[in-house]
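Dropping the structures in below, format is structure tokens.
Below are two complexes that have subunit A in common, paired first with subunit B and then with subunit C.
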Partner chain A sequence: MKLLEIKNLYVTIDTLDGPLQIIKGVDFSIEKGERLGIVGESGCGKSITSLAIMALLPDKSKVKGQILLNGEEINLFNKEQMCRIRGDKIGMIFQEPMTALNPVKTIGDQIAESLILHRNMKKRQIIHEVEQLLESVDLPVERFGLNLYPHQLSGGQRQRVMIAMAIACKPDILIADEPTTALDVTVQQQILELIKELAIKFGMSLIMISHDLGVIAQTTQKVMIMYAGQVMEQGETSQVFKHMSHPYTQGLFAAIPKPGSSRLEGKKRLSTIPGSVPDPKSTVQGCIFAPRCSFSDDICRKSPPEQSDIAPGHNVRCFHPVMED
Partner chain B sequence: MYERLAEVFSHGMKNRNFVAGGIITIVFFGVALLSYVWSPHPIENINISDKLLSPNTKYLLGTDHFGRDILSMLIMGAKNSIIVAFVAIGIGLGIGVPLGLVAASQRGWTDELIMRFNDFTLAFPSLISAIMITAIMGPGAVNSIIAIGIFNIPVFARVVRGAALNIWKKEFILAALSAGKSKARISLEHVLPNTASVLIVQATIQFAIGILAEAGLSYLGLGTQPPAASWGKMLNEAQTFLHFAPQLAIYPGLAIALTVLGLNLFGDGLRDVLDPKLRRNR
Partner chain C sequence: MSLVKVKNIVKDYNLPRKNLFGKPPVFRALDGINLEIKEGESFGIVGESGCGKSTLARIIMALEQPTSGKVYYNNIDLFSASKLKLRQLRKEFQMVFQDPYSSLNPRKKILSIVGEPLDMLEKSISKKKYKKRVELILEEVGLSYRDIDKYPHEFSGGQRQRIAIARALITKPSLIVADEAVSALDVSVQAQVLNLMMDLQEKYNLAFMFISHDLSVVEFVTQRLAVIYLGKIVETGTTSQIFKKALHPYTQLLFSAIPDVDPDIKTDFKKAETKKIDSLFSPTHSGCVFIDRCPLAADICQTKAPVLQGDIDHQYACHHVDRLLQNTN
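This part shows the complex of A and B:
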């Protein structure tokens, strides 16, 4: 049995202009201890997918499809049942360490929160556990006491506190929603290493959400490329990175700046994907990427492509997958 | 917490409103506390032979038409004002804050219901409605406290809701939700502490309004009853003698004006000190 299985997930959000379909049929699964990456542009539905798993979507949204945790359909759970899952079975790390900590509470109190909620422990045990957690995110207790307030820490240190909060109950699944976007490059590396190490150490599955392909390559085993609420390409990270087959994936990779490719030296310009992400209000008849795709033809514009395997465990949603070597 | 207080204090010392208002407020509270241990003369002492004296060494501010010591009555009146305003704010905070928190966390029809009821209450002019309530329930200190308190409820509910809505948008709320906390516990443990600064400021302002309202009700004979002293009642009694003993009206009038001014300045200064955004602009 898979640890987490998402089957045919649709998310619709009601707006003043009518319902907007943000997620259009997403399928994926995660085994225990597996690390999955979700990549895509802003607004492609990466974060909404993770919030749907946590049942933390805004009130005006509707979820269709199945979200199975250990075979249980958690999308049917009521509020109380869901509170017991959050923090205990699934932990989450957020993007913005500056605002993701409560400014008026000490870091010790904030890390202890989910322990108090989910574990029946005595006060002394909790303090001991919080100290252990601080150590495990490389914030030595002698220097970083439990009584510090968030404003006394740097961005990287706050992100470490966030990680300690998310893993306090050793959840089965850790969701990291762009955990390093707000940090500078050297700190990014340390945080990514830390998240990966902790996931391996505690046997947690990891869902790493990012728009940075480097982050995904470094931390994950499987990857899922999303575009406008659909999964475009899915497979083993090494396989997808070597044999990217969807034109969109290729576009993403081509858009990574490489050293020495500046215009002054007369070399190639940084390539971009022409056009912009489709307006979720508009309905596209054929392939959702067709208007921006240089390979698209009449078939692409007529009917939407299905996901199809091009290699074991590597599937692509495209009529004309690029097969090159 | 101690550090934060020290920080607020050091910023406050640079703010003129905060310092001036603070001094007046401290004197006012000091005088009220003093009344518990000492006052120059017992205010129940009626000494007709000493009536309507001008200030002298025995009666520092003179006496009224019953020969009671004005200074003693002012001191007892300060205590009376504080008690009424305090309890009225307690009613406002105790009911208004939970209502505001619930409205902000539930949204939807709960929010609509609470806030429309709020608007309904706010639509009545508070002092006139307080007069109506005391007229119906009968005059007295307790009833005037209730009447003033009722109109504090929507003020606090609205202020807390506004601040809480802002906090609910913050990412740390999402983090707390993802740790498995219920909305009620988040309201109490995360939202409320973050709205404390607006609440403190609003409470200071409402304190001034409460004192003014109590004086108004007592002036009309609906608030504090004799023999207890109240600034409003002193004004009322003084108006008969306004032509030949104007000091009787001037003292309590000055006391009310100074106290309200001081509390307003203090509240204003406190808001500037507690809100870092405003602080930078100065």
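This part shows the complex of A and C:
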């Protein structure tokens, strides 16, 4: 049995301008100990997907489809049942360590919170456990006491505290939503290593959400590329990154400045994807990427493509997947 | 010809005093920075947060006084110029900030956001001309002249950054300081904005000071760069030279930290945690600033601060240059 399985997920959020469909049929699954990456630009629905799993969506949203954790349909759980899942079975690391921590509570209190909620432990045990957790995220207790406040820590250290909070109950799944965007490269590297190490050490599955393709390449085994609420390409990370077939994936890769591509040496401009992300209000009849795609033709504008396999464990939602020469 | 010359800039900040009668401890944010930006050149500043990048930008923009040292703008000393003169000079250098969501006033229309520098710097301009200027500059950055009556929330992140660029361009500056101007954008939008900046640079012979922590962006955009660590330039030179052969251990550390997009190439990152850096910020500190993260640290690094050496295309501040040169050859 799969640890987590998402089947045909649709998320609609009611706004003043009427309902907006943010997620349009997302399917994926994750096995125990597996590391999955979700890539996409802002507004593509990658964070909403993770919030749907955690049942943390805004009140006015509707979820269709199934979210199965160990075979249990957690999207049908009530608030109380969900509280038992959050933090215990699924842990989450949020994007901005500056705002995700409570500024008026000590880091010790914040890390202990989920232990107090989910584990029937004595005070002394909890303190011991929190100290262990700080130790495991490389914040030695001698220097980083439990009674420190978030403002006394640097960005990287706060993100470490966030990680300690997320893994406090050794969840089955750890969701990391852009865990390093606000950090320096050197700190980013340390945090990524740490997350990956901990996931392996505790046998946790990892869902890594990022717009940075390098981050995904270095931390995950499977990857899915999302665009406007749909999965465009999905498969093993090494396979997808080497044989990317969706025009959108290719466009994304081409837009990053490559090492060694100085402007002085020939290359004058970065290649871009023309146009911009579609307005979620608009409805597209055919392929959602067609208006920006250089390969699009009549069939793309008429009916939406389905996800289809182009290699074992590698599927693409495109009528004209780009194959190798 | 050099447009901006930064000479020996030192910036100290006073920290809260530890006891009532003692002198407040001093935090040295910049320690003897020298650099030169030529006309039409893009110059990169690379370093981790807290290294002094933004302080340097603020000083070059004359938003802050340095403790000592001088900034020359076309050979005019910014900090001894009269108020009036300085105000006139401000037309020449403008800034694009990091976060396009917080750098635009949500209650103002695009017309007054983009035109604001004109309110300050060209007060005599007629209303009609003012509007025309804003419309033209919006077209220039890839927006429509019809956008002048919209509010910032009607635009996406990339478009907002275009508005910020339009605001910087409207006084026809010769230098734009871009402080992490594309870090908040998605890759495909980032590429569009970078292309725009480079097109404008060529068209108007603009000089850019490009502050970023994204090394691949810096490599793509800039001609020369300086790597700053704790307020000191540790390596500087032409971008191609430095990217080909980084000599300072800190630059090497930075390069090794970029996650590679090829999943088969494992990032070979040397774990190097800062231990106790408070003392390194003190002006009385003698020795190399990078000492406690440096794999090559030796006795001489404790006592003597390395100075920049090498030729004009590539300078580095390290005592172990010979060893570094041998390793890379």
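The definition used in the following text is that the second predicted complex is superposed on the first by the 316 of 325 C-alpha atoms of A that agree within 3 Å, B and C clash if a C-alpha of one lies under 4 Å from a C-alpha of the other, contacts with A are read in each partner's own complex, and residues count from 1 in each chain.
We adopt the following convention: contacts are C-beta pairs under 8 Å (C-beta built on N, C-alpha and C of every residue); 3 or more make two chains touch, one makes a residue touch a chain.
Everything numeric here is computed off the predicted structure, so don't read it as measured data.
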Clash-or-fit label for the pair subunit B, subunit C on subunit A: fit
Subunit A residues touched by each partner, larger count belonging to subunit B or subunit C: C
First (subunit B), second (subunit C), both or neither touched by A:Tyr10: neither
Lowest inter-chain C-alpha distance for subunit C and subunit B in the superposed arrangement, angstrom: 11
Contact residues of subunit A, present in both the subunit B and the subunit C interface: none
In the complex, subunit B residues that touch subunit A: 107-108, 170-172, 174-182, 189-190, 193-194, 196
Complex interface listing, subunit A residues touching subunit C: 41-42, 138, 154-155, 184-190, 192-193, 211-215, 217-218, 237-238, 241-242, 251-253, 255-265, 267-273, 276-277
Interface residues, subunit C side, partner subunit A - complex: 48-50, 156-158, 186-192, 194-195, 198, 213-217, 219-221, 223, 239-240, 243, 253-254, 257-264, 266-267, 269, 271-273
Partner subunit B, residues of subunit A touching it in the complex: 54, 56, 59, 79-80, 83-88, 90-92, 94-96, 99-105, 113-114, 117-118, 162, 165-166, 168
